[in-house]
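Shared chain: chain A. Partners: chain B in the first complex, chain C in the second.
Presenting the complex of A and B:
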């Protein structure tokens, strides 16, 4: 809300400066591409092969350089936000430029591989942007002002209190409580990205409820487990969303490096062996 | 009256007292050093184990019988102990002095155990650490009874009782409860006296059973394994193998007053006035060390030596004379004595300073010589020292024109720079030299101390400052004669945070010009108390009722500790008559504020957001880090950038700190107008740069005062680092923060310096990929919210 006027996100950075730039670039190249047959006195293969290819390679290098720029903390060279803004829009531009460079043809050779890798990289980037747009506000809402450590501490407090109740609980109730502690998993593992693990605290609370023990200690234990289950829910959502915010980069970065490597070897190959054929 | 037992009695065996004892022994004076605890140097003895003690100020010479250089606490103490024994210093331990009577030549010193000591002269060197209150019940002397807790992890599986309901008691009890069976003994029925966070923590711990409690309990007796209490339900016996009583401390002021020594005012931090020979208002009774206003060990040692020389009647050249001479290298025609003389004779605000204070003021100040036209200080800088004109004149530019259209000339004896000093905000004017001018620049800290302890300084400064504030903020261009009579009846008021300046509906009989701090304007709308506006120093409040004649239409309360200049209605009328454009200006303010009021009344949420921001430091920040939660992806690149540019230690904790309406205020320095961290730093290691950055220099001795004083918890005590995971490792190893390796060196305070030495501004903001992190002056945000431009 009110913060918005102070903050200027990377997408809207400098009134979409790089968005416009990318749009212009793509528009210009697309126009040239569609009217390529009418362009006279111009070697179309040379322009779209070497010209556009060179441009795409330059953009690739710039995009990859972002990784270096992200880590050069002491140097000036403008805020990282501007770099990311350019990265995103030029990256999206690549999705359109690369197919035009290849004339919308994919063959099972090094050109094709470069083509596919660049596109996948770009798509993982788009996925990242989707996550960046979606999750931050959800994470904040889910946390409701608590930090991760606060939540863990809350769980620990419940655990201590439940342990204190143990002497006053029946054998069956104690089994449930012990089982909860032994089996509870908050997160971890790749599965977590897609489905939340079971909330064992919730299960235990319900199990305790089913035992229907009518004494103060059991009622208190149930209330405590319910409180813990709520925290577990929150924590699990938190971990899931925050993992999604990061995990795509684990695809994006290696893919981008692979793409760059293949693109470069494709380019070198074209320079060494291809020039003659034009 | 018989002959006194000793030529000199020294009270307190800290660095000051012990050094005095050592000199007295070396000079063959009959003497006695009285120490309350059971060993010498209690304050330093209680420093944390192995603490690196620093010999600041580094350039000052040491003049004492006791050796002193940087080193571990243990080594420093051992060296003093050895030397004191060698000299045969006469020390009496467990001698708690409670008062002094008599006159020079025949003082009687009363001890807590009822005994008395007589001496011809007395040196009071009790420091500032205060008297810990102790239990006065049977068994209080038992060994398992203590009054403080150094290391809670020392104890395990013990049954411990903690007496008290304040922050110290709660913190101790909670820390001990981790590994022990702890009961907290509260004399009343609640913990309301403690900080909110501590109160909720202790109640939660009690509710969950981690901590036992006895309310409304009076301690009756201590037995070897039981604590006997009196409660409304009768006697209670609590099993207790260790007892920690946190009963608070009495400031030494009471003791000092009980010795007949008077204080200049009621200020809690006021220090007794002493002469150039450290003599108090009681002839023959001397005050040295931290209690005399000299907060460092080396100074205390030097004074201990000098005070004995003074008592003997020896004329010692003060140890600081060579240092003062150095201050004057640029003006070799001045001798130290002549310069000090000139300051006192020519500068009215300093005319009543005693020699000692004047010397010390000069020691901290700088002497400058400027030639015609040179700039002394620049408008909009954040510097906050005060200048006095020793010779020549300066020109104060009241506008931005070059050369200025409106200006004021200040001549010999005048001071300037007080507005920045008082408000903590940017300089309001540029000042340049007229011909050759000789100036003394007094640092902020010294001026604040002088204003607090010397009434004459405060009063003469304030009279002039009121007139200048009126001229600067209300009637620019109006000549001083037309202002002075109004200034003479205007009054200065201080308001603690939260205090109400005036209420909605009251008669509007006066106007307040805010000279430091800031206020919040609120109004009752329906059932809600809505925040309408925030007004900072340099502006006025209460003007609406002045022009409309109607009652106050809103309530104004101090957002931070504040000082205002109050001008009565009649005087203000006169001022408007003399300066008609003021009426227009006030009308303009009124229209603008009415518009804001209407906007804000429609969206009370915006008011809450302002209140949140103000609460989180907006009221005093010059620059605050704000994170938009809808943009932050939690990558922590901001923290990594901070660590990478600051000795591998991040000074910002992104996740910590509160949020409201998706605005998150991480734990990071606010660069306050009046930095709390600066207020109690013994070596004056915390500085403010011209751009407003508050930073800590290498002079830090690691005492941790600043960490305790910062209300926003942004200072850490850290060991210097020596290495870090490499660049490649952090790329491959992914996303954790790079861990710094630390050395075993002494801890020092570290905090955000706003990357003052880096190009391009704060690294955290530059490194944020999404634009979630920004650093702004809070007023910019508030003005955006209220729609004021």
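Presenting the complex of A and C:
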């Protein structure tokens, strides 16, 4: 008897249930779009304008509700993983539904703004799939069971021990060690999202190595610095990856709310200016 | 073994310790940070499994795990054998071996000797994670942006109906429609709402969206269109017996869809033929006895019904005038004539003018008639006018006011064998002016010249002849719109009008429908010149369009029972349609 795997990703949740649903939806609408001239007995403008527009708005509201739903893990209908799966696949579906709703026309007006915002939000969502497929696992592997505080404490321990070694070190070695403690910077702003920051502990360790002092204290200090540099590397990787995830969220969520606002104004405008005038 | 452990929690003021005691019982007591360790030391600097405490031959032994370090009395070691007073360092903790308790095998006192001090605080200051701050919330940022966008976004459609604008609606006539002031903030905002582009005319109405969108949450009503477009006439008489067959369900918007580009409101290729063919199927009797022509498609278009030209009273040969070697002008030079030398476009290039004598013919046909004064021209008029002119002329000659120029002395032609001698000049006796007038009228100088272009007919006038009445067909395409300018982009006059071999003035130079169908047809066959009914035929009789069904005999505007659009609008309002 086949045993269900312990953990299915949100992409394969329930054997791609929401993927198939989205594919079916897009396929159906695309077929109707490409054969719209041959559809008889229905008002194509009405269906693709108000009908598809309403459907897309409903999908957008569902996608936005995920932000609420994810804050209460166990409450609400269905497992959270199902919600995420639906969020991802319906969001991708919007990339295809919205252009068909707009007839592939973008003009520099509020309708075009709604169009562009929805598409940008959806595309950042696709980027988010890659981010969330990659980073949480990497963050966990990088931490290796340690918490953020653990890593800081581990470095602090090295610092304390190196401080104890200080009386046994030569002046040159002592300068390197003290400089490392004084100058160490971990993390940072926007720059570290893209560039790996410098690891001053590694620099200090290599500087100490170049001094080539042959005594126990220096060797010990070098070994301690190497241990600390490893932790600094980890810590910086940790901050970089988590910051990237955070920045993604800071883009995706405001973009989606802005898109929703413009889409609602667009929809209200379309109703106010001519319900049924197409 | 049983091990008594005293945890020294903190020092008291009196050199003592606040302690917590526990008795651990195990074969080997594991020491570590991990929760499975029997002796649990929570500091992060202790490994999960750091060391093991066991009795070996009655001696208390602390054995470090391979990856861990311990010190015995300050000396790094892997295995520490303890006796009373010895200190083992495990990470930041000091384990001091105490006196054995009667109930236990051994006792240790544990103290966190090196609590994390400044080193950790300093390090924490060095770790900067501005992007991970909790107060940065996507929902707060996005919510603020969304709120602003929503307020701006909704203000236009709502204000469009809630705010009464003092700009008046366009005057109820298309020509008087006021053009907007683009600096109006309402207009600038409203342009952000225009789906696709408005037609070039409606986009300039001063009242903005309100000009047509008069009621919120409602489609634009036909009455709104008719308010301005009141000069249009209906396609068919709404009171006629067959008018029920004309589909009025969709109103103006059936054909006229706004917001589809600058020219979009004027139905062109987007109007299908089926709407027209539904009635023009040969089965409907308009009531005046003439059945509507049957049209199945443009390819099946019936022949054009051209007006029958009556004898137009002219003697004219296009072939002669368009001779490739040209025509001789009065100055003796030859000139090759083209169509536009005589015909110019008129009625917005729909028609071509017939040349007037003065502006066309007279440049070559000078109407000089008298040797006495070659600069004198006959007037272009009726015979009676000619007679009085000639009489006046010859009387002036009689009075000597006009003197013939010196003629060369005529010589008799020399025959072979004779000498050429001048002939004695014997001037003819002058005839009376009246006689000369009648002679000229019936002679080649006048009658002959008239007959060059005009058909002459017998008359009871003294001259016994007169000029036949001249009558042209001025409107060949009474039911269609046409633009010579458009057609001349891809064709020449001769492409449609075969006049190169026309010898008679009564020849019809209009092309047949087949000539039209060489370029015009359905969108499938002729994608470049895709043509439907409305490509050539107007649906509404409109005085604005210059051509169309208003001149169609069946729907002439002067039909008294044909209401115009203003009347139609009233009928619409009263619900009588």
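We adopt the following convention: the second predicted complex is superposed on the first by the 266 of 278 C-alpha atoms of A that agree within 3 Å, B and C clash if a C-alpha of one lies under 4 Å from a C-alpha of the other, contacts with A are read in each partner's own complex, and residues count from 1 in each chain.
Heads up, the rule we're going with is that contacts are C-beta pairs under 8 Å (C-beta built on N, C-alpha and C of every residue); 3 or more make two chains touch, one makes a residue touch a chain.
Source: prediction; values computed, not measured.
Colleague: Please indicate which partner A:160 is in contact with in the superposed arrangement: first for chain B, second for chain C, both, or neither.
Modeller: Both partners.
Colleague: For A:264, select first, second, both or neither according to whether it touches chain B, chain C, the two together, or no partner.
Modeller: So A:264 only meets chain C here.
Colleague: Taking the superposition as given, does A:110 touch the first partner, chain B, the second, chain C, both, or neither?
Modeller: Once the two structures are laid over each other on A, A:110 reaches chain C alone.
Colleague: Output check: A:184 vs chain B and chain C. Expected answer is one of first, second, both, neither. What do you get?
Modeller: Second partner only, chain C.
Colleague: So, A:212: does it touch chain B (first), chain C (second), both, or neither?
Modeller: Once the two structures are laid over each other on A, A:212 reaches no partner at all.
Colleague: Is A:254 in contact with chain B, with chain C, with both, or with neither (first, second, both, neither)?
Modeller: A:254 contacts chain C only, not chain B.
Colleague: State whether A:195 touches chain B only (first), chain C only (second), both chains, or neither.
Modeller: Neither partner.
Colleague: Once the shared chain is lined up, is A:140 touching chain B (first), chain C (second), both, or neither of them?
Modeller: first
Colleague: When the two structures are laid over each other on chain A, which of chain B and chain C touches more residues of chain A?
Modeller: Of the two chains, more chain A residues are contacted by C.
Colleague: Going by the contact definition given at the top, which residues of chain A touch chain B in one complex and chain C in the other?
Modeller: Residues common to the chain A contacts of chain C and of chain B are 67, 157, 160, 242, 246, 250, listed in rising order.
Colleague: Can you check the complex and tell me which residues of chain A touch chain C?
Modeller: Touching chain C from chain A are residues 67, 105, 107, 109-111, 149-150, 152-157, 159-160, 163, 181, 184-190, 193, 235, 239, 242-243, 246-247, 249-258, 260-262, 264-266, 268-277.
Colleague: With touch defined as at the start, can you tell me which chain C residues reach chain A in the complex?
Modeller: 44-45, 91-92, 114, 116-117, 119-120, 122-124, 126-132, 136, 138-139, 141-143, 145-147, 149-150, 152-154, 156-158, 160-161, 191-197, 209, 213, 216-220, 253
Colleague: Can you tell me which positions in chain B touch chain A when the two form their complex?
Modeller: Its residues touching chain A are 204, 208-210, 605-606, 609, 626, 628-635, 637, 640-641, 644-645, 655-656, 658-659, 661-664, 727, 730-731, 734-735, 758-760, 763, 765-772, 774, 776, 780-781, 784-785.
Colleague: State the interface residues of chain A toward chain B in the complex, per the touch definition above.
Modeller: For chain A paired with chain B, touching residues are 1-10, 13, 67, 70-71, 73-81, 83-84, 131-132, 135-137, 139-140, 145, 147-148, 157, 160-161, 164, 242, 245-246, 250.
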